[in-house]
């Protein structure tokens, strides 16, 4: 039966994560100054602290050293970690590694697990996921995939261009999606291949000057040029890349929502603190109706976001794909988080657009989430089509 | 642990309500032509059918002949009943009777239960709740209450004016809120009194020409003029009226949300059916991006509404007051339902503003919900103040 | 050079219209109780008063007894007339007659002018314009026109079905759009025909139960069944109906905007008066930030609407078609007016949804304007396509 | 009479500015890489080109070498200049110099004009305007001014702290607002003082790390510490600083709107070009309804913005203060421009948040405009209060 209770154990874990973020992570934010993701030293230091606190790798199975949380518990913990941009790095549950860990746990063979999954889970390396291509390749429409892997002696030769490959710079390996058939039909014809960072056929052409700065390594444009890999580089089965992408898709999308919800809460708290202190026109900001309306709308945005995430997490925990639910959650949460941060900036006024709080930075960090992992419009399109289809089926059944 | 499962029993009940609405209630809609709420004969006929189907009085305890559902189950059933404007009437879970049933079950003494609760639960009478006053009395601000009950020999004399008293015309009794102290302080000083319809001191001055038409009896302006009632007319204790109003408030607000969510779904379904059939500019409406965006936004509005309702219902089922959660739910659901209906009208075009579907009527029915039971702005104000207070407390604790 | 001055003569005329509406028209509103447009007697009485005040037929040329205003002056006068739903009726500048007057003045031959234009201009008859068809006919997409006029001996036989034909009931004549070619191509193939009310081949099948009530005669569903008319019934030339529809389109659309802008102002004024009087939570409504924000947004909606109307009127006065400008104006004004009325209702609370002010009625009157004369979405589509085309042309030119 | 015509001379000037921006300024954008406003060398080079093209200093009177345009002509020219972030720098009509030029032309005495106005007009120096203070000083509420100028022998001693002082770094002089009376009442009690950059009592404490980067010198936090200036440093009269601020306020606010409107157009054009090229889901982006809706809404935002600017410019050209009109324009344009840029980013997808177009930068540049020169909420408050006042007066008059 519908239940929103959180178990005492999970509550305790959540409170420990909150305390860790408040006491260890937030004080370290001032040292995060590289402008392109957390510096490796600070990242290692925070991860060590998280290990010591027993909070490391919450999404990873126990056999690989993680906390082995289910999706619902992840929702609670990752939101709390996301209260600082550095929290998910510290806990090793940041994108894109977190999604890759999930994917490898489900698809990789034993050798791949030892070689890639274990060190990634332990925070000893970073990874990336190379799917998106610049126009006219695969952006929000995957059928436009242009990167190709041809059969060669003893393996495959990959050629193509990818961009917005988050974390490619500094990643020990790349999971590359390439077409292995002329046609991509019914979700078949593409394959995932594991490419090591030192492969001479792969090169990082540039780091895209994107507005967000919190992903270590930034977003790279990567070129594969007769990039040779062996048969052992194939992740899962040949031709099934899109099926595996689906395996990664909903959960990875949802953990993004969880983390960004943490930032939304942080932004609102920043605005609340300001509204409690600052006076204008003879009143505390927090006593002004226009400020109150912004606060209330942000509370509603946060609550509805958390509920959509929890519901989708529950669906995933039932072993279902969560395609519909994760699409709805992503479309709503990305827009809601952006609104919450925008309102917080507006409440804080000049302070909000200065570097004196984290708000200005959050503006730049959350805006891209309305685009990556499927632009809001693509999700709306998908939600509408599915809804039309389901309604037609329900009517047919009712009249049958 | 967080759970969104619905028990097989509840699912079965929901499906039976859905079938009942589809097969019995919706076909009767064409006979609902009085323009001021369902005509008594048709109401009785539908209630009889609901009794026969074992669906009557879902919110009422078994000892009074109801299904005795908890709040979470009510959420499922009342949404389904709300798929037709006549559904809640048929099941005897419409406002204001449903809220009064809840209130009487918690506050009335044994004699009052037999005299008022039982026949109301059985659908043998209707009731009303007289709290709102015209300016300068108590509108959204209850401290402005002007109706007064003075101690007289053997009872009380009530004088004052109320308006927007839903269902007063035709109600067998009225629960009237009146001040019984000079000061209303800390929620004390007002009292609820039961007034029978034949009391000569109470008169219905007019039926307000409101835009909604689905409440039997409409919304009345009621005058109390030296209206005499005995001591046995006092509901609960003298001076505690606002405390009881709180008992009624959150659940009654929430059942409104449940029922109106049903109408939102109906409106969306109507639009989906139209979008599937109608062509324009060489495409089905449902294939046009602007229509798809409207559909997707409505799906998200419906899903977030349902989740906020479920969460608040769960809080109520825990025995908590649900003040915060019901305020958030009400503020969001009332706006969301209005948007969903508005989009459905827009998708249906000229058809949507004609009387050929129910949509035009829904426009008028749902608009007032953004005002009654607390205007959205009042809820926003309350949510913001509470959030500021809680944040200040959390900071104080964190730094303590 | 850009100029927003209003000439002293026009200002004086505007003030006279305002006074006429305030002193003569608004006091008559309480007598407008038929529920389906102004009753004929009251209409005649108000028109007589307007004639006496020298304010009759502002859009009609002097030779037909009107004030002969250009579009910019119409914008000023019709907004002022529109401050009451009855104002445009009183001044004989209401839809659909006003648009038909414009059309006839440009397209009708001498005989048609005497027979139709003159008595219409003088308020001696009403008229209607029969273009829209129920699905699957011509709704927002005119190429789907199904009503057909076939050549017969000595004239034409019209067959087809129209709906939402405003004012058909009681109209002395109908301007009917019918296809006269197999193909409608490049805007050719349809013809406008004048049909007298007593033609036995035309019948009003029903009055659509639409949500708006201010158009005399309501909106009819009209059937043409071998409806015979002579060659003298052809308005302009055969096959050119859509070209004439364009002649009518932009100006008629724009006068709608002018009139509804008057209602928006009236709604805002009603809310301002309420906000100045009513207290809640220890403050005047008008001192509450959330109310102030609503007022300010409504002011901006009204000002931007007025400017778009003025600009389009100026374009029309230059002899240009105004297709782009009227589309932008219509899309914005219809949405803006709806928002202004909605906000006014919200500010007024329960009063706003009662019949105690005109606001509740305005809600129902303005909502359809987002649909008729092109739904907002159709205008957005048209604006976007034109903008894309113009940008492509500008780029081509810049690089040529 | 209302007129939207642009004279042939102005049209020609506009086209020359457009060509200059297209051919000279935009190609230079790639060299604008300092991250904190245009580098001085490039600025000088572009200004020289503008001088050569006869386009320099459009807002400055001819006697100081400018084009001497009135406000309406400025609206046309500054929008066109604003099509590149560098355009207003090139033409010497960027903030804050442009506002200071306006102020000095109206208030400075002859000596001050030669010393400050002339070299500023000629682009030989930059300036800044020091009014805003950090909390608890004067933010959006000017009555909270804390910086103080005390009478000392032979002049004044200024003490206080200012922030968000745009362009302070590198400015040859500062116009500083300081209180010169205990009380600031009825707009009196503050004085404007001219402070040279080499004054030892003034120091730039830091450059605020604000999100926008296009203002040369960025936004500084400036400390005045017993900063001594002579009596000749007083601009206008002692105690009248706020009156002069009003002189500067509306025009400076309006030129901001003009320039940012140019950026909005640029953003839309970038999106249009992308929508014309890029394909997804089997269609050009520009053929997708959701993209079309975004385009249309942006067109409407741009058109309404331009009209509000033109109307306010006309009011200023009539010699009126334009307080109401500039407040409405500012509130609308700042929000509209932000929306237009946001939609353009969304249409462009990943490209929009990369540095490969200027869009991502525009996001950061336009966001602060919703806050500086009065946050939207402050303008809404002001518009609402004025509207309530005017309505009360109109009613009083009507019933008098």
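Order of writing sets the chain letters: A, B, C and D. Residues in each chain are counted from 1.
By our rule, contacts are C-beta pairs under 8 Å (C-beta built on N, C-alpha and C of every residue); 3 or more make two chains touch, one makes a residue touch a chain.
Values in this document were obtained by computation on a predicted structure and should not be read as measured data.
Student: Trace the shortest sequence of touching chains from subunit A to subunit C and report its length in steps.
Tutor: 1
Student: According to the touch definition, list the chains common to the neighbour sets of subunit B and subunit C.
Tutor: Neighbours common to subunit B and subunit C are A, D.
Student: Report the inter-chain centroid distance for subunit B and subunit D in whole angstrom, where each centroid is the mean of the CA atoms.
Tutor: So the centre of subunit B lies 51 Å away from the centre of subunit D.
Student: So, what's the distance in Å between the C-alpha centres of subunit B and subunit A?
Tutor: 40
Student: For subunit B, which residues are shared contacts with two or more other chains?
Tutor: In subunit B, 288-293, 377, 380-381 touch at least two other chains.
Student: Give the list of subunit D residues in touch with subunit C in this complex.
Tutor: Interface residues on subunit D, with respect to subunit C: 1-7, 10, 22, 72, 75, 268-269, 272-273, 275-276, 286, 289, 291-293, 295-297, 299-300, 303-304, 307-308, 310-311, 313-315, 328, 331-332, 377, 379-381, 383-385, 387-388, 391-392, 395, 398.
Student: What does subunit B use to touch subunit D in their complex?
Tutor: 288-293
Student: Over in the complex, which subunit A residues touch subunit D? Could you list them?
Tutor: Per the touch definition, subunit A meets subunit D at residues 132, 135-136, 139-141, 144, 163-164, 208-212, 219, 277-281, 288, 290-291, 345-346, 349-356, 360, 363-364, 367-368, 370-372, 375-377, 380-381.
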